[in-house]
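The same chain A turns up in both complexes below, where it pairs with chain B and then with chain C.
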Partner chain A sequence: MGDSLTECMEIFSQDGVQLKTAQASFVNYLNLVGTLYITEYANSNCRRCLEWKPNDVTVDSDVQDQEWAVVNTVQKRSRTYSESLPPDSTIKPKLLKVNFVDIKSFKTSNKNRQLTLFDGKSEIMCCFMFQHGNCDYLITVLRGMLKTIPAKRDKHLFIVIHDESLEAAQLDKSFAELNIFQDPPPTLWKLVKSFHDRPYETTLETFAKVTDYVYRSPEQRDIDDDQRELLHRSLTEYASSHSQGDYEVIAKVPELPERKDYPRGRPLSAEQWKNLQNHEGKIEDVEQIKLMIFRGGVAPNLRYEVWKYLLDYFPWNSTQAERQKLLCEKNDEYYNMKLQWKRMTKVQEDNFSDYRERKNLIEKDVNRTDRTMDFYAGDNNPNLQLLYDILMTYIMYNFDLGYVQGMSDLLSPILHLLKNEVDAFWCFVGFMNKISSNFDIDQAGMKEQLQNLHTLLGFIEPQLVNYLDKHDSGNMFFCFRWLLVWFKRELSYDDVMRLWEVLWTGLPCENFHLLVCVAILETEKQALMENNYGFTEILKHINDLCGKLDVAAVLVKAEGIFHQIKEAEHLTDNIRMILGLPLVGVQQCPEEILSTSPDSPDEDLYERVYDSMQHVMT
Partner chain B sequence: MAKTYDYLFKLLLIGDSGVGKTCVLFRFSEDAFNTTFISTIGIDFKIRTIDLDGKKIKLQIWDTAGQERFRTITTAYYRGAMGIMLVYDITNEKSFENIKNWIRNIEENASADVEKMLLGNKCELEEKRQVSKERGEQLAIEYGIKFIETSAKASIRVEEAFFTLARDIKAKMEKKLEASNPPKGGHQLKATEPQRKPTNWLSRCTLL
Partner chain C sequence: MASRKKVLLKVIILGDSSVGKTSLMNQYVNRKFSNQYKATIGADFLTKEVTVDDRSVTMQIWDTAGQERFQSLGVAFYRGADCCVLVFDVTAPNTFKSLDSWRDEFLIQASPREPENFPFVLLGNKVDLEPRAISSKRAQQWCQMKNNIPYFETSAKEGLNVEQAFLAIAKNALAQQNSTVDLYNEFPDQIKLTNTNKPNSNGDSCAC
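Take a look at the complex of A and B:
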């Protein structure tokens, strides 16, 4: 077999490349600087490879047989190394070699100074740091040799399409998965349809077309990233299970890691809050504060102050003096906007139907917002006027969004807590900034969330999702109210405040509120399925949970689910994207975590706070 | 599970936000009126079983959110509705003008033969009236549907409205049944058969 090695051609090489990550057997070579090659073998299945060789090899390797280590391929030790280096070589450098066919995606980071290769099973194959400049040129060369699609959501990530892997069997799976989308492009949809009718023929005939569709004309056809990702995933999943030989139309449900309990902590106390401010009144360790709030919420008597930070009215790093100044400015700004509508004349109003429409909605809703609470009860209650004025001023602040039902529900607890028109307005603005997509004209934000909820639930409770799909409830519309006003209609006032402040921290991941939904649905799974509830009963059952939810228990469960997902071996990029988790492999580079998701603190801090709270509690 | 009714009708309440859909439904299902009511987010339904010509009819009445923005979600629930109440507020001109948009909405999303009815609510507020009773009647005639003015607050003709709609659905349904199931052996058979056939027909309707 060795003769093939003589026919090896070096296509490209780059010096000054440091090995940052590789499989375990390369531990001795980590951080060494070497040369990266693209080589081509004439008579081999794996024609092209990326190879890396350290510069000067003083490494005391315990590998005696001078073997090529082939990273992550089916046939390990395919060839011996002896013939490619002079046999008399006294040093025994190990070469790291990655076959092109095994590269499923690659990503640049750190201003293109770093290149990471992935094998499609969410594993890093290897990661290189380019010490002299960047890897732009290498990427250009790679993209010339590999068919790649840049991911739309991450312009630094390139997904590799391998023609060889387009075999019929894998398509079963990819089509089954594609089918979960409700609005696929018409072409795909047709394929999925006929696939159902004539599975094998359609598969064979059309997958090539789909691939063309995905690969050949990305400019002309704007394929949705999720679908692209799915195609990619199904390809790579197939490739990785290829060696097992048997194919299944329905993917087996992989085991999730064990669910752990993360007991709730105590609410952030006034004393703790004080201690975390410096002499100027700045919050020094924002992440720590957020974590404490995430774990236990805020003590009720402290909410008045802390909510202003959580809702981005006060910057965390502002000094007492700066906040004082800010208050004055925000006060003026508010009253300026308020005057704009207050001064509107009757004629102006008559000629301004968009404004009138918004105003009418507000008038109706103010009269229907938390009227059973003392604070808003009774006729001519001045607090209703405050509610009204703030919402009207918000129209002037964001006329395009205007007023949408549900907004008064979001403002009500804030105004009730702060009891100050200007403060409540700005905090409401902060809240709206966090969830304004809930109120999109076309409801795109809500639809996306419902779809994401479906995806997440499918990861945790595939059985339940299957049941819902079969009972006309796969659109998850029965969770609409939960999501639109963040459980405001389902929970008591106190519980809503607790839940919201926890969610406002943005911890432990993006869209944690969807995991809250998953937690509740998981709890109700038995009731829904054992009673064999249909479309109407499911809706009724969910609507009737109003007033029966235990926020603390739900949060414990949701957090447990989060960790389960995060640690799951079969975690997909789709789920990572929903939760804002770093995409494949990035977790290895701490500086990236901070740059990609500023809100997720590192594990250490997490453990630290968690431990310290445990102490407090016991 | 033993059925406690002969027929199940799915009804739907639609109309602009604030016209009183939830209040009308609450009046009908609980015979009460509550001024501390909240706006409807998403969708919900209530049940009331009524007696109609010796038949027990279970009305499943769906209450939708009125705001335009939520329409993509609420129209998903139009499917399978057998009767639709179009509600406007007689003290709000705009809500009356919008009825024609709602009708278009029904045409696009509900089955073609759905029974419709027009309700002018808040009719006790005579001093604030903006839409005359005649205009309501005129519009109903245009669309060939029935019309009633109601007040959820003062409990005026709410019962009548729902009973009328239910009766019309029942009549339509029985006419269809007769057409698809012509009597063979005279009256005898008719008396025994309907017990089974209607449920078949209905289960097809409500399955959707």
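Take a look at the complex of A and C:
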């Protein structure tokens, strides 16, 4: 972008502005505080821009090499994003820049402490939070520079009018062509009539009615693609700008595709497992086997073997001989680490308060982990010693993490199943590698998951999320226990084993456990809302689900939800990022996403194996 | 003045891991003890109907996780608390040393209207166990330094002193709630510089 070279003038600046939402490439900048500028470029076709710069540029701050990331709505950029640009890509923008010409509407919320810009295609371009005071002055400046009209139904929403003649002509044309419909309803005639007189006001007033018309009578919609696209865009813009922030949803929100049932399969059997290994004992089609486990879990008598793969102890492509060798190495490695703490002298321990604290905590937790299970019951049970030894050795393996409450819950079923100290340790390591962020000192991982759960639930059940927000429960803390130990406290031992092995496959998407939460919450929606539960009752109700959940039913539902999300037209990059789906770039409009983004190979395989399994099962 | 309708008292139990928070709550509410309680994850609460000073009240007793790193989530649970119960294990000196930080952290996160007058109650639990590491005297000294916090020595296992301790907790919580109600009733019209109308406050509770 050559803009940085042209002369620019700063017209306005305001500091203490936090970036809340932006396109995917700014993921590292979210929640950073910075300064917002309005700049004017003397010699450029996009003259005025809104720019945001974080206060502390800690990433790649090569001052000489200014990289400007322009947030625009030009669709050519989206090609690069469909290649699934990783969030921590090497291109680190230092400055978020929005051309004035790309701002189609903006709104304030949260007592004018928040400003959201929309690109007019159902997507938020970016959203800023004003930490010191509000954005009143900025709005005044913006309205002085852009031609805007406040939306009739929402005085906080401003529609930007860019090129009156062009846009009016476009709309005029499309609505004029609507006249050719057979027997259009009177509202539409009236709309078209008054549209000529007062184009913008009429548009806003009647969009809702048009929504109904367009959505309700598809058989009458014999209009060409251009018109449909134009209408759809305007409608989605209207809907999305009204579904953000603290406001009631008054426009029709985009509908999710129909929920389909994905019945559970049978557990992976010993015979199937054997057939999928070659003569050397190598698993040939790893993805297929994972998928079978995802669909049906593992037969209990086979878990002993398969869990070692699922928990990355054994590489999937290893041969029998390689695994034998690995076992020896891992055995030595384990006992080396175990000796490190076993040999610690009293003086060393006295001088190492962190270690003492962890040891103390493990001692206490081991004595209260699943003691009602036969395997851990009774005084002086040797299995408690194993539990203790493994957790102590884990401290030596991962000093940074150490021991955090909840870990003994995660180890308990693994040890119970494997009944071998070394194997259980390495499988536990594998499990911890998958969910260690649950145990962050600052709880960042848990907070992020709770936030992501809120986002996903909002996509599936906006009404429920709205309810939770209004009842002090938008922080989703009532799901904390579910997430921290992956439902260990809510389910029976057998069920938790089934759920875990399904989740360990990493299918059908990242963070599928959050969709499991969404599925349960959706089931409980009625109970929560009809009883008008508040913060405490919601927490109690959720805690009391302990022992009442049906894992198979929950998984069926969660999988259905996954497909609904994946196929939703209004799917956003934010949701894609949570679920690890390929990003397509926020600028792209929904129609394009559907027609141009190719299915990833995984998804292809998913469909293929799913179909073949359906045949096997029936 | 405070109405005569049924009141809800929110009580938060805090203290290091494994000092007996869950056990104390269950002993008080269900009169049961088990050494198989699992470490608390997240938070949970139990309620109990009691009569305090001829008034029928519902105590909502909140049990939280004891490991320090989970405290950042506390703020959601501390909100609206009427009394905070600090618990330590009389056989574990470290759990006594942590009391200051538990108290401070609670005051920061719950940010009650008048931190210096917010009711705390201290429980030294596990008195049935030997050897004793923290003497009654030492615990009482700490309580004196903190604006005379009431102190009870309990055994959740044997049910020793648990009823008495929670009665004191309820009384303190009720007094706190009444003084808060008084504040609400008085402030809108005028700010009184004297505290003669505040029967339940121990000291000067005016924030001015």
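Keep this in mind: the second predicted complex is superposed on the first by the 347 of 618 C-alpha atoms of A that agree within 3 Å, B and C clash if a C-alpha of one lies under 4 Å from a C-alpha of the other, contacts with A are read in each partner's own complex, and residues count from 1 in each chain.
As a convention for this text, a contact is a pair of C-beta atoms (placed from the backbone, for glycine too) under 8 Å apart; a residue touches a chain by one contact, two chains touch by 3 or more.
Note that the coordinates shown come from a computational prediction; the quantities given were computed from them, not determined experimentally.
Upon superposition of the two complexes on chain A, a steric clash is found between chain B and chain C. In the superposed model, A:L539 lies in contact with both chain B and chain C. Contact with neither chain B nor chain C is seen for A:R259 once the two complexes are overlaid on the shared chain. By the touch criterion stated above, A:K470 is placed in contact with neither chain B nor chain C.
In the superposition on chain A, no contact is made by A:K342 with either chain B or chain C.
In the superposition on chain A, contact is made by A:D442 with both chain B and chain C.
After overlaying the two complexes on the shared chain, residue contacts for A:R153 are found with neither chain B nor chain C. Touched by chain B in one complex and by chain C in the other are residues 360-361, 364-365, 368-372, 404-406, 408-409, 439, 441-443, 446, 475, 477-478, 480-481, 484-485, 489, 536, 539-540, 543 of chain A. Note for the complex: chain A touches chain C at residues 357, 360-361, 364-365, 367-372, 404-406, 408-409, 439-443, 446, 472, 475, 477-478, 480-481, 484-485, 489, 535-536, 539-540, 543. For chain B in complex with chain A, the residues that touch the partner chain are 17-18, 35-39, 41-45, 60, 65, 67, 69-70, 72-73, 76-77, 94.
Residues 17-18, 35-39, 41-45, 60, 65-67, 69-70, 72-73, 76-77, 79, 94 of chain C touch chain A in their complex. Contact residues of chain A toward chain B in the complex are 360-361, 364-365, 368-372, 377, 404-406, 408-409, 439, 441-443, 446-447, 475, 477-478, 480-481, 484-485, 489, 536, 539-540, 543.
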